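In the two complexes below, chain A is the common chain; its partner is chain B in one and chain C in the other.
== the complex of A and B ==
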């Protein structure tokens, strides 16, 4: 029986890869207990390091599924999602990621596949770190400092990511990014459902 | 020109393609040169055999160029890419942006 959960996660990962640039190598796998999918991005420039390494996004395996030939997405709660770097369990360097790796989302969950994929792009590229997000939304951890210092360090890391990965310019425009991701997601799930 | 061939589930392969070739010719040449990689774009062994014999289910198969905005432009399987104006124009736009064009390819078999 075809593993649609993994097929759909592969589609989502490929869209992130398409936007972030081909210097990032993506691979999906199941967690050791089989309950989560781990998206692994190799070639990511590590914060405060000249090295490149791995970034991980872990989310429930039930996030993407097929029911009665329909592609479905189960909204992801922030506590169910984790961003790591270098190794599983090690917090991803981002002002809006907590020490245990789970992100701080404004509405606490991601409702649509497009929104979830766009969030991965924005988190890896640190586009979702703004003056308002650090001053009004506050930082989830002090890994990049707090307030103005967090913003400054995030911008420095953002530049390092852009320089190393050469992502599409649309990453800085949420509307364009979401539109692009939505079109690609819809086209790909259409191809997939043709052969169901 | 250099182009990315992408499978439905997102696996990508970089290929040198000739825009004076038809999509069907491009995919046949791909399979002849690298059967292992190319087989990932086919839904079944049967689809491979049919394409190599020049047959394809054009309704259920796809050879689509991804535009800069993320839309898909469906190519005709039996017309050279350079003779398909929408494809040719978008390839020029993509080239002007300094990006590599991506074609999403999926080949399904004809069923009786």
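== the complex of A and C ==
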């Protein structure tokens, strides 16, 4: 009996870790009610602080599952996913994350596991904050200010993340990022399915 | 203290007190009573009439609230402007942490003015209240407080103010006696015996125009047990299109008001239950007790939800509704016998589902609500009840074929009037989402589970049933379309994990007591009926529990006839 949901979440987390840099320590666990998986990243540079702390991504446990020996991914609705920092329940500092921690999705795709992982990378590295995203889509929260102020503060935090974590340069190119994640995901789940 | 003070409180005052004290139960707050005080000089009895409550969005601390001068002045201005014939007659304040009692500060406050005043203290934490009347000579009297429409006051504090979300239930049992001669005379005027339907149980979902008519016809046909479920209240615009209720039903829960009206008007022994609740909150298990379900609901998604439950429990189902096409009325009646070969989704498709799920009630979109429809709706209701009686009397031998009737308004001339009623017949089985997983020949597995236990015990039961021996099973909540949790936007969950190492899950408190779930494993999918027990606190009132719906306030019984129990 294997806990495939956790195995798959571990694979996803390891890919995020791979892209974001080894300074980020990642650990997965279940929420207390067992309905969610909490991806915990330790060593994340906190906004407006010199400290490093934890960032959390919480998503439904049924996001990754195995059905009839196939590995499946269920696209996550924005209200089902939460980004926190320092502690669970505390909003992640990002212009497009609401006060209760759920993200306001941008125009990126969400259909595949690759998209989900790429979105985590882009959110943690604030790469998905652009002039259009803060002006056209507005900001879900005012935690970094609004409009140009949000963009400016997000860029500062983006630089702080890059400086602290030294992620792969591909994070700024969504197409390259997806391609890399997809290859890694496919390779890892192929390895996993051999044991089924 | 002697009982020399009668206090008559208008219902709006009560509602406002509830609003006031529950807006922030952790802080004290206060409001000012507006009304009149009179004294019977012969008996010495005071009568206090409380007509309105003035309050502002002001909070005190956790242990004090002060009626400031500007607050009182604002109240005076409010009374001058709105109620020239009333006065300020006292005040009410809440206790956030303590029971309702008179503290030394309260007594000091009462002693500050030398006039007749009525004071009230309410504790929303403990659900208690206390009232006292002070005359000009600083004598204090206990008060007999009553509400204008006779409802017992004790029930009303300490409940959540959002009464629309709190399901309530009331059952009226009315007995009617006829002599043998009268019975024979009545029998002559019925195609069936007047007692033939006395043991039949019919559920009517929706107490709108057609719901009123259907319940009236069902009651007059001699059906012995009716249950009405609706989540809305009657407003003035409902009155001209609701045949059973009168103006006293205004602003009251539809289901309860209609049940009361039926019990007062019935001519045969009748047990009628009104449940003010979202039908989805009651779960499909609620359906099993009924011989027939009628769903005259304006919401297509709810009609489909009800239909799916009926299929799972093999209960005959008639659903009907009206609409407007090209400026004229149209209506439909769909009859599904107990072993119907197709379901509503096959007949209608599910493209409308997403749009209509958001629309739970026509009360939410008054501007789209149809105009006066009594005459046309009565045709739909009449045809529906004809079918219903045939089902209940066992006159329909084919328990598989589904019929759809489309009725259009008359008055367009011969050619179009000739096809005003169209009939469609469905006798061949067809696949739909339901029948992909549901085999009508196979019984659905049943599980009982205590909500307060860790989920791993439920996992054990599922594992014994399905023998997949996997780490986690998933209860898919979206399969049944509308059960309440799917609407919790802040923490939306499409699936609940039941895994071997998980603890207590509070989400179970929000699920219906008895419902059929679509369970996903790794090898296959299954249907299982889960009956949740325990772990329910009626005072806190979780969503979606029939238990909450059944443990509620008693309602005054109609006085016209002798009522049993």
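One rule holds in what follows: the second predicted complex is superposed on the first by the 192 of 196 C-alpha atoms of A that agree within 3 Å, B and C clash if a C-alpha of one lies under 4 Å from a C-alpha of the other, contacts with A are read in each partner's own complex, and residues count from 1 in each chain.
Here, a residue touches a chain if its C-beta (ideal position, glycine included) is under 8 Å from a C-beta of that chain, and two chains touch if they have at least 3 such contacts.
Bear in mind the structure is a predicted one, so any value in this text is a computation, not a measurement.
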Once chain A of both complexes is superposed, is A:14 in touch with chain B (first), chain C (second), both, or neither? first
Check whether A:179 is in contact with chain B, with chain C, with both or with neither, and answer first, second, both or neither. first
Does chain B (first) or chain C (second) touch A:100, or do both, or does neither? second
In the superposed arrangement, does A:132 touch chain B (first), chain C (second), both or neither? neither
The chain A residues in contact with chain C across the complex are 1-5, 30, 32-35, 60-62, 65-69, 74, 77, 79-80, 100
Chain B residues touching chain A - in the complex, by the definition given at the top: 4, 6, 8-12, 43, 60, 62, 64, 66, 69-72, 99, 102, 104, 106, 108
Interface with chain B, chain A side, in the complex: residues 7, 10-11, 13-15, 17-18, 22, 168, 176, 179-184, 187-188, 191-192, 194-195
Name, in rising order, each residue of chain C that touches chain A in their complex. 455, 469-472, 474, 489-507, 520, 522-524
